[in-house]
Every structure is written in structure tokens, then in C-alpha cells.
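Shared between the two complexes below is chain A, which pairs with chain B and chain C, respectively.
Presenting the complex of A and B:
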């Protein structure tokens, strides 16, 4: 069971990027991503949209597969900046480890 | 894949304690200038950010990481952050081959020669040339990155530095884009290849140029090195992905997962090998990762310096 946090997208502002709600999940980012990995980063952006913060933190290691190469940001039709969203999630995860 | 937390806390601890992500004293890492006759006065500080100097150490460290990735030994990495930074740093310095250190020192000496031949007004002061901390930014450790960036920016501003000449895309991005936002310090940052004014010579050479993500996409500078080569008569073959759509070399993943860095780099190497010309890189991370994959890759500066010697 995953608890949903409706304010999560807003909370992300603290870590740098609050554009997750602009994403309409077209999957261009996942198609262009050099990782070719399991709907990355689209899946994680969807988790932000639905407030599944716990799900992201449970699988936080996945975030560091991102090379921060910026191809997803370059090609996003909604200018949702997926690369920076992933970087913001990394910041959140690091802060979370250090608090715990 | 290693646990990101173990890698991040080790690197962050080293950077906090020694100002070096490996814990190696910077005076041991930054020695290229000792064999170069560099100006002490000029308009812009040559700021290497120590990235080229780090390549041999990255190759040694990631060689061990590759050996133990996804084995039970990987578990022991969690204790690395408790090891004294200088002790582990000195150990790494000792096991890193001297020939590799000299090779990358020559890259920086070539860059200084190119700047001198281009009559660029620059100077070098090793005590001001520090690591930018950009890896911690990429890894999401914003707090450690910000603290380090403030320290570096304070040193530069106290010394009256206003202009910087950089040699790699990651340091260029950090100093040009991140430092002004984070530290409030604004430097005029110029990559060395924007300063090239070498008299044109006739050469008959073709290369395949790999655009790094930070020059090609983040800074939109990939035309500049290609133009510098064209001015020397060196042609660049077309690559499947380049410029703003360039493909990552895989290098940024090398600390967390050498296996992943190899997979992504392998895909890029296939694109770069297709045109059949010698591969040229202009980023130490790309250079190191492509070398690890067995590519015969040269740095842009060595191609340009060859032309000086011709």
C-alpha cells in the first residue's frame, strides 16, 4: 500500500523543480533517454503527479542511473524539464537520508 | 550498481575534509604547471578545475569499483566514508600509474601552448585553481556543493579574479551557470577553444568529434571547436547524434555503476566508430570513459597542439 501525498508536487519546489505537473506523460523522455530503462524518467514524474513520494523514496537508487545528460529536457514537448526534475528528486532523497 | 548513498557520502566527506573528491591532497594532483613556463600575470586566470588531473585517479578507482560491482564485496563500501580521507587518498595516489598522470598533465600543457600561440592574455596560479565541486551537484548533494562553491568563489574574488579560461565542460558549466546563482559571484568564463587564434596551416585530416553533453546541449557551444578545427583544415565527419542532441558517453554513471557507464558508453562508441575516422573528445570524463571501452580517442587539445608543432 502506498500513501499518496497530494502536496508532493508543491513540496518539490524546495528542491528546485516544480514542473512535474506540466508533464502529460507522452513518453518522449523515456524514448530518448540513453538508459533505455523501464519508462525512466516518465514513471518517476508520474509518481510526483499522483503524490507517491514513498514509492520514489523506496526506489531512490533508480534516480542515480540518470546521467543528467539533458536529452529528455531538450526534447520534452511540454518543457517540463524532466532532467532537472530527476536532479530535484536526488536532492530530496539525499536530504531524506541525512534526516533519517 | 552500488548504493548511491555510500558513494555520495564518501565523495562528500572527502571534499569537505580535503577539497578533493578522492581525498588526495591537491598539491599532489595538480602538478602539470611545474614543467610549464606559465605567465604569472595576465587578463584571465587559467582555471582547469582539476578535472583532467583527476582522470588517472578516476580510472584507477572505477577499475576497482567495476571489479566488485554486484558482488558481496560491494557491501563494504558503506564503511569507506569512515576511513580517513587523506589516508585513502594517498593510497589511491600511490596505486595510480605515473604514466597516466603524465599523459593528462601533457593535455593541460598543450592547452597552455595553444593559448600562448593564440596570444591569449592569461596567467596561472595553482593555489587558485580548485575543483568546482560539480560532481556533488550532479549527484544531488546540493548542500555540500553549495558550501564548496562558496569557498572556491571566495578564494577567486578575494584574489581579484574576474575572468576565467576553462578547459572542460563540467567546470565551465559550474562556473558560468551555477556559481552566479549559488554564490552571487559572476566571472567572465570562456572555454579555451574560444580563444584559439592559430595561423591556418594546410593539413589533410578528418576526425570524428564527440560533443559532450555540457558543451553541446547545456552551453550550446559545439560549433566552436568544430570551427577551430575547420580553420586548421581538419574536417569533422557527421555523427548520428551531435550538437544539442548529442549522446552521453556514459561517464557520469561510472561511480555509481561502472556496468551502466559501459553499456551507455558502448552505444555511443558504436555511433562514433561508424564514420571510421579517429575519435576526438574535449571532456575529461568522456575521454576517460571512451578509453575504458577500448576506443582510440584523442583530446581536442592534442590535435590542435600537433598543428602548432607542424
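Presenting the complex of A and C:
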């Protein structure tokens, strides 16, 4: 059981991210991602939507697999800018790593 | 049919037989040219021809040329089912200047080539076409029944559909009576606030439409009225309306509010509608003579069963119409939405409540049915509401739990995207894993928690705290069982009134002169409702425009030279009023004989079966014609 944390999406804004909630979970980004890895990047975007910060930090290493090729951003039908979201998540992960 | 009967008439009656290949649909299994050879040799048949597609222009022109040149004077087409192309060929005969009723149709596709193969198929086709030709010889020209039509329309229901239809008919110069059960015009739309996708105020839409109707001298509005009696037929209906002072508590309360505000007739009362006239002080009866009836009886919002997502058990579980109502009396913006003074930190909306119900998963309604249809408007209405709440109350968290989002209309997908960008969080559940609404312990800061297995989060179970749960309830047809019984209206399995054909005749009912407008037929939004209401008005105006209506002449006819007045036909008649015993002069004597009211006759033939004197027949389907067919079928295959 996971309780939703709606405040996390707002917390993400300071890392430059404000489009995660525009994502409607179609999965196009994961389908086109050359990494083809475990719903990347949709899964991490979904974790922002539900505020599962712990999950993101647990899986933070995945963020550095991203090649920043830009295919997800080009193809996102909601223009939710998945590539930028990954960059913002990296900033968030780095800051939290320093804290811990 | 015997030879001596057929031969003398062979020169006079010239039957043309036209056999269709249906592009292989028929000719792959029936030897069409062999059937043509056999038909050609029948004594009554002048010509027999074939065509790849008889319904094509060249096919129809072939028939028309034979009629114009006098080669044939009656027509048999052997092709698909008559439901598909009988009217096509009757039309061709008319265009050739011949009476369209000297036509007989043989179905050699559905009844032959699709179910038989090889020689038996060709032989069966031969017999069916020969029987049709034998009947065609006996056919007489008929005239359509012409019924005078009262130039007046009645619209039942004063919601958006009824108002739109009444105004459109009145604009065409047709006097209209509008019947509304409540004291208010505007129906369910009057109970809304702002409507998707444009964000217009429903009050403005309803007020504008109602004013146009009330100002139009051609429209007579009867509120607080119900139809209690109905009789007649297309062009000549008689309706009895009962006007009665309103009784139910909700209406009386609304009227008290109106009186307290000093609202005059014509004024819009929020969440109720436009007051058309003062409610009657005492019951009264009104009789209306009318030519067409437009049904605009509308819908009601689904009421969840007690315990459905906690409805009826927790006061914090309400329906979307409830929320809209409560929001009209609360501040329109602020940090957090407040309902009845209570701050709402978190709302969960649940979609598809009372819609898209699945046998075996959802419990049946009180009437033992399920609403298996999609109500179509609730997705957009919910998204419109959630987007507005996020925009106007940034401190209120909004969650939507859906099965599928169906924002099908123009401008509706944009509402979905807008709601997302405003920060609504979406969760998706499977129909067999409905969200659970759980009341919390007193120590909890939220009164409710909603648990859902979220397919967007890969099937994880998530929990959302909620101050309020809103159920996006669907549409159900209003209970019009009294009208259904009185007017013999067909209903679909979903309980809505059922049109003749969903695509080709979408606003007509099989009962002539009765039309459908709005959500009595299916869930529609306001725009779609106006589309159907406009279509119904045009159909009604077209029926009344000529002052008369023409009906197919396939009705019972009494042969007064044979009728002995037994009355057996009247007893057997299935449609009250179609047959009656009347006094009339026959050979200088007053006798009681059967008389047909053609507009009411169904052409079923029950009377023909019981007449001891063979004195009654259905035109175009007489006993003699059927005997000719049976004789033909029973005879040795001609020229085989």
C-alpha cells in the first residue's frame, strides 16, 4: 500500500520540472526509448505524479542510463517533455544524495 | 394456378422478370442464366433479363425502358431481401410513369444463394421467382392512402430538446403545444452550472431558448401537465393532458424560493429552470388535436445504490450533480474549496458510476437490468469540473479514478489535457477491481480513504485521503412507461426509446408521426440534443407540410357484395379502431357491415383468416394472389 503524496510534484518545481502532471501515461516515451528498460522513463514520471519520492531515489541509478537522445521529448503527445523531467530528477537525486 | 386461368390473361398481363447476379453473391451459387431461361418460358412472362447489379442505374433503367416501351406492365425483381431494395425498384417503376404497386420481389440471396448451393439452389430460385411472377399477374394498381393531417405539433418534455424542437417547428409556422411535467422549462440542463467544453453558463442557454419559446405566439406551453390519454394515427392524434398543482417536496420548495424572490413567469430560477406560467390552483383537463408528436422526455441522473462507493452511508460521498448544486452556493474561488463552510483539502472523483456496468461484476438495478452503455457526457463534465476546481482553489487536491477517459467530442480532449496541466492526478482501475471508499478512524485527519489498484502505477495498490468523494453518475431514461403503453413505443435493451434505424432513420419511431428528440433516445450532450431535436422538428414539419400524409395501401378492404355482417373480422382485429361494424345502405336496405379505417389498419390479415364469406382481403396481399403463388410452387418446375 502506497499513500499518495501530492506535494512532491510541487517540490519538483524547484528542480525545473513542471510538466510531469501533463503526462497521461500513454507509454510512447518508453516504447521509443533506446534503453528499452522497465518502462523507462514513464515509470519515473508516474512516480512523480503519485509523489513516490522514495521509489525514485531507490531507482536513482537508472536516471544516469539516459542518453538524452531526445526521442521521448520529440514524440510525447502531451508535450510533457520527458527528457527535461529526467534532467530535473537527476538534480533532485543529487541534492538528496548530498543530504544523506 | 391452373392453365385455363392463366392462358386467357397471358396477352393482357405482361410480367417482366429481372434477375440480379448481385456481383456473384447470387450467381456464385445460383445459375442465374438458367433461371432466366426457365422464366422466359412461363406463359405470363413477357421478358426475363439479368444484370450484374439490378439496383445499379443501368439495372433500373433497363426496367424503366421495358415499362415505357410497353414491353411489360408489371415487374418482378429477384435479388436481395426486399427490406434492402424494394423501395428502390418501386421508385424506378414510379419514375417510368407506372403505378409502383404492380411490383413483386423475390428474395434469392438471403433465402437461396447464401444458404443453398448448386442445382438445388437454382431450382429453389426458379420456384420462388415463378411464384412471384404468378402473384405479379394478379396484382392491381393501388393508390397510397391519403390522410388529412392536422397542422399542429405536440412536443412532450420542456427540456433543451423539447424547447429546441418547439421553437424550430414554430419558426416553420406550425402551431405547437409544449407539455412539461414540472412547473419549469429547461429540464436537466437547468440544474447545471457551467457546461463543457465551452464553459458557458447553462442558465444562459436555457434562458435564451425558453424566452424564444415563450415569446413565440405559435407555441402554447402547458406546465404541471402530463399526457393521460392518447389516440388516433399519424396526422390525427388526440391527446388529453391533465394539469395538476405540483405535489412533490422539491418542486414546492423551488416554487417557494421563486415566490420569495418575487420571480415572475419568464424568470430563471437557479437549479430549477424558467418559470413558464403560474402553477394551476386546481386540476384541469386539456384536449389537444395534433398531427405529429415529438417525444423529448429526457433523462434522469443515475442514483447509486446504498453502499456503492460508500454512497448513502457516508455524507462525504455525493454525486456530480450534488457537487454542482452545492458549489453554486459556495465561494467561487479561494485557497480551498469550501462546501457548507467545510474546507475540502482533497477530492476523489470516480468515473463510470451507473454506466458501462458488466454482467457478473456489477449488481443489477431494482428493475433487474444493467446500464451497459457509456453515458458519454460524464467524462467531459467531470474533467471540466476538476479543472475548474484546481484553477479556482489551488489548495484543493483533486484525484480522478477512471476506467477509460472518453473525451470524444470536439474540444473535449482539450478539457482533459487542461485538467492534467492544472494538476489533477489520474488513477486508472479495472472494472473488476473497483476503488474502495473506506471511512477512517476518528484520529485520522481525513474522513475517508480511497483504495485503488492503479494500472497506471503497474498494478500497485494506492491510497488517497479524501474530504469528499464525488461519483460521476451516468444517465438513465426518465420513466415514461405510461407513454410507452399508450403509444406502443419500442424500447431498447438499455431502456431508452428505440429509433427505426440508428443511422438512416435516427429520429423516427416505427409508429408513424411520432418522433424522438434528445436524451429519451440515448445519452447526448446539449449540442447533440439540439441536433436530434432539430432533426425531429424538420421531420415533423415535412410530414405536416403537404396537409396530408400518404401511407402504404396494404390495408384491409371489405367486399360489400360478399360481406354478410358476421362481425368476425372486428373480433379478430388486433388494432383497436381499425375495423368496426357500421350501418350502411346496400341495395336500398340498411344493413350492418364491416368498415375499415385504413390509417389504423396494420395490414396483418387476421380479419382475412376469420371471414366466413371471404369478403375481406388485404390489398396487395390478397388470398387470390397467395393461391396463385402456392399453385406455382406446388406445380412441376416449369420447363426444367
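The working rule: the second predicted complex is superposed on the first by the 96 of 100 C-alpha atoms of A that agree within 3 Å, B and C clash if a C-alpha of one lies under 4 Å from a C-alpha of the other, contacts with A are read in each partner's own complex, and residues count from 1 in each chain.
Basically, a residue touches a chain if its C-beta (ideal position, glycine included) is under 8 Å from a C-beta of that chain, and two chains touch if they have at least 3 such contacts.
In this text the structure is predicted, and so the values were computed from the model without any measurement.
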- Touch check for A:64: first (chain B), second (chain C), both, or neither? first
- When both complexes are superposed, which of chain B and chain C contacts more residues belonging to chain A? B
- Message: Once chain A of both complexes is superposed, is A:87 in touch with chain B (first), chain C (second), both, or neither?
- Response: first
- Message: Under the stated touch criterion, which partner chain does A:97 make contact with: chain B (first), chain C (second), both, or neither?
- Response: first
- Note on the structure: Touching chain A in the complex, chain B uses residues 1, 3-5, 8, 138-143, 213, 217-218, 244-245, 247-248, 250, 252-253, 256-257, 260, 264, 267-268
- Residue numbers on chain A that touch chain B, as the complex places them: 15-16, 34-35, 60-61, 63-65, 67-71, 74-75, 87, 89-91, 93-95, 97
- Item | In the complex, chain C residues that touch chain A | 346, 397, 399, 405, 416-417, 420-421, 423-426, 428, 451, 454, 456-458, 460-465
- Query: In the complex formed with chain C, which residues of chain A make contact?
  - Reply: 1-4, 6, 9, 21-25, 39, 43, 46-47, 49-50, 52, 78
